[in-house]
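Each of the next two complexes has chain A plus one more chain, namely chain B in the first and chain C in the second.
Let's turn to the complex of A and B:
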């Protein structure tokens, strides 16, 4: 569905933010994009949405070039930015203004999302808090019926119940035809949603893998004593013990702490690479 | 699906542009003109002076130019902020539809509504002033040469305001105004080279004298008339049209 080939982008000459990256994303998945500040997560979303143009290479989204911003492309892609500037109208008026542009917009989903987020349709957007405005945009994105949903820090500003509501709404919406890409620092907020992980570092894709593959080869445990050095890939001290990233040598099933994996990738990328049997761009 | 132009989509974009750029504040401001006219009337000495007064025309001109500039310059104000720009650029419509909708709004709908409202207000004000004070300002003769000149100035400068709002993310209208006033002064002074003076005095070059004073002169000989029209074409119409056209390409190529 999304094919990125040797794509580079720079805001200033000779200072690339992303350098010859390759990515393939298929429908039916929720992709998490992780990376340190300024590494290019938002830039990647902007490039996929046609809001920025690559300086080299190609991006193809469902066979279309995002940079052309053709209506047939735009009505299939919805982007939820970190910053948004909404008109001074009611929630309902906002929907009435923008929904006609999305042929697959679902009023039922919209009303359901508003209800789930406990938002009143007659509330004025200018009177809403940042978090409430975010819920309006998230509701619209989910109801838009777009095949590709791009989220930049979607849980920023949301309270704890709303984060849960967002997860439920999105997971109910993602089917075999749709794809969501979430760029975030708050990986715990969306970890349950993700089935693919993309980690960016120093202009490159450090890791691109399905969660299924990762959990086959890696696992995380919390122990009082440090485990065997053979198994241990990375650890950090926590009160009363250690939080460890281990090789999953015996095929144990268990949750993988993505935040710990991210930290391990930042400090010892080559060790993680060696523990994965498939090729990574490290 | 037609990715260049679709009538249904264009109507939607036009409606959205209309909804997102409210005209009401401008109409409220327009409503101040009759009040100002009333105060000018109180200050005036005798009805005859007022009956011949150009004040309504002057006020309408100033209003149309100032508010028309402001309205045109703010047409792309949403592009100044990342969130607004993302919403606008990713709105499912073609660049042509978005540009055309805004251009129509700025260049046709806005002036027409202002003109219509002004006439209505003027009629109401005229009726009231006649009824209560046995006085009425002279109506503007919309077919006069003066009106044509003012509309000409308005439309020739409108692309500059439109482009300013696109070129500068913040305070585009103001920056554009300063830029084009400076540009005008520089060009005007350049045109005066050879006349011995770099000022806005009465001494003009033969060329400026011809083109500014003789544009509507029916007694001009054909040869001079062609030269004058050619000058305006190259000096004003084409740059203005190109500036307007550039805004389309600018929006099409615009990124965050």
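Let's turn to the complex of A and C:
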């Protein structure tokens, strides 16, 4: 559904943020995009949504070029940014104003999302806190019926029950026609929703893999004593012992703590080449 | 929901559903919630639940009725117990025995504790 070919982007000349990256994403998937601050996660979402244009290379989203911003493309893409300004209208007026741009918008889903988030339709957006505004935008995204949902830090600003609500609402909207991309630092908040992982590092895609592949080859455990050096890829001390990333040699998928994997990749990116069977570009 | 960390999530979900079948939440012949309903309840990706459900079907605990959903098999409760028992003997007993050896605990001691436990749960 999304095909990124040898795509580069730079805000300033000769200082690429993304350098000739390739990415393929399929409908039906929920992709997590991880990366350190400033590595280009938001930039990537902007490029996919047609808000920025590639300096070189190509992006194809459902056969269309985002930079052309054709209505047939825009009506199928919804982007939830980290920060936003909303008009000084009520929640309901906001929906009435913007829903017509999305032909598959579902009023039923919208009302259900508002109810789940405990948002009042007659509340004025200017009176709402950041977290409540975020919930309005998330509700809109979930009800939009768009095939492509782009989330930048969707759980930022949400209180704990609202994070549950978000997961429940999004989970119910995942289907074979839809693609969701979630860029985040709070990987624990969304880990159970993801089925693919993309890790960006230093202008490149460090890792692109299905979680099924990852959990077949890697697993995490918490142990009192450090396991065999043979299996051990990375570990950190915790009060009860060690939190370890291991090569998975058990012949069945294990649990995988994505936050630990991410930390391991920051300091030891070579782990991937040494423990995954397929080619990764570092 | 928090998942215990020692097995893959889809397997944890399968075991949870098996446990709920054993507890009688859905008796034999009754429909269990759909993949979509379970995914939303557990806040996980529906594809994960598809794997759990396929696993339960392969184990004969639930049966698929095309277009309607998944139903608890007639012998689903005993099959669910078999599955949980297998997981228990393969995954929980080895570290348990290892700890017993490490601490030099005798069978008689264990037996006393088990009896105490039974008395406690009765009262």
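As a working rule, the second predicted complex is superposed on the first by the 279 of 282 C-alpha atoms of A that agree within 3 Å, B and C clash if a C-alpha of one lies under 4 Å from a C-alpha of the other, contacts with A are read in each partner's own complex, and residues count from 1 in each chain.
By our rule, a residue touches a chain if its C-beta (ideal position, glycine included) is under 8 Å from a C-beta of that chain, and two chains touch if they have at least 3 such contacts.
Computed from a predicted model, the values in this text were never measured in an experiment.
Partners chain B and chain C, brought together by superposition on chain A, fit side by side with no clash. Residue contacts after overlaying the shared chain place A:182 against neither chain B nor chain C.
Once chain A of one complex is fitted onto chain A of the other, the partner contacts of A:167 are limited to chain C, with no touch recorded for chain B. Of the two partner chains placed by superposition, A:200 touches none, neither chain B nor chain C. After superposition on chain A, the vertex angle at the CA centre of chain A, spanning the CA centres of chain B and chain C, is 150 degrees to the nearest 10. Residue contacts after overlaying the shared chain place A:52 against chain B, while chain C stays out of touching range. When both complexes are overlaid on chain A, the residue A:30 reaches chain C alone and has no touch with chain B. Once the two complexes are laid over each other on the shared chain, residue contacts for A:72 go to chain B alone; chain C is not touched. Shared-chain residue A:258: touches no atom of chain B or chain C.
Legend: residue contacts after superposition of the two complexes on their common chain; A:83 is shown touching chain B, with no touch to chain C.
Superposing the two structures on chain A brings chain B to within 27 Å of chain C, judged by their nearest Cα atoms. Contacts of chain A with chain B, set against its contacts with chain C after fitting on chain A, share not one residue. By the touch criterion given at the top, residues 3, 5-11, 36, 39-48 of chain C touch chain A in their complex.
Residue ranges of chain A in contact with chain B, taken from their complex: 46, 49-53, 68-72, 74-75, 77-79, 81, 83-87, 89, 97-98, 100-102.
Residues 1, 3, 6, 9, 12, 16, 19-20, 78, 81-87, 89-95, 97, 252, 255-256 of chain B are the ones touching chain A in the complex. Those residues of chain A lying in contact with chain C across their complex are 28, 30, 164, 167-169, 171-172, 174-175, 192-195, 215, 220-222, 252-255, 257.
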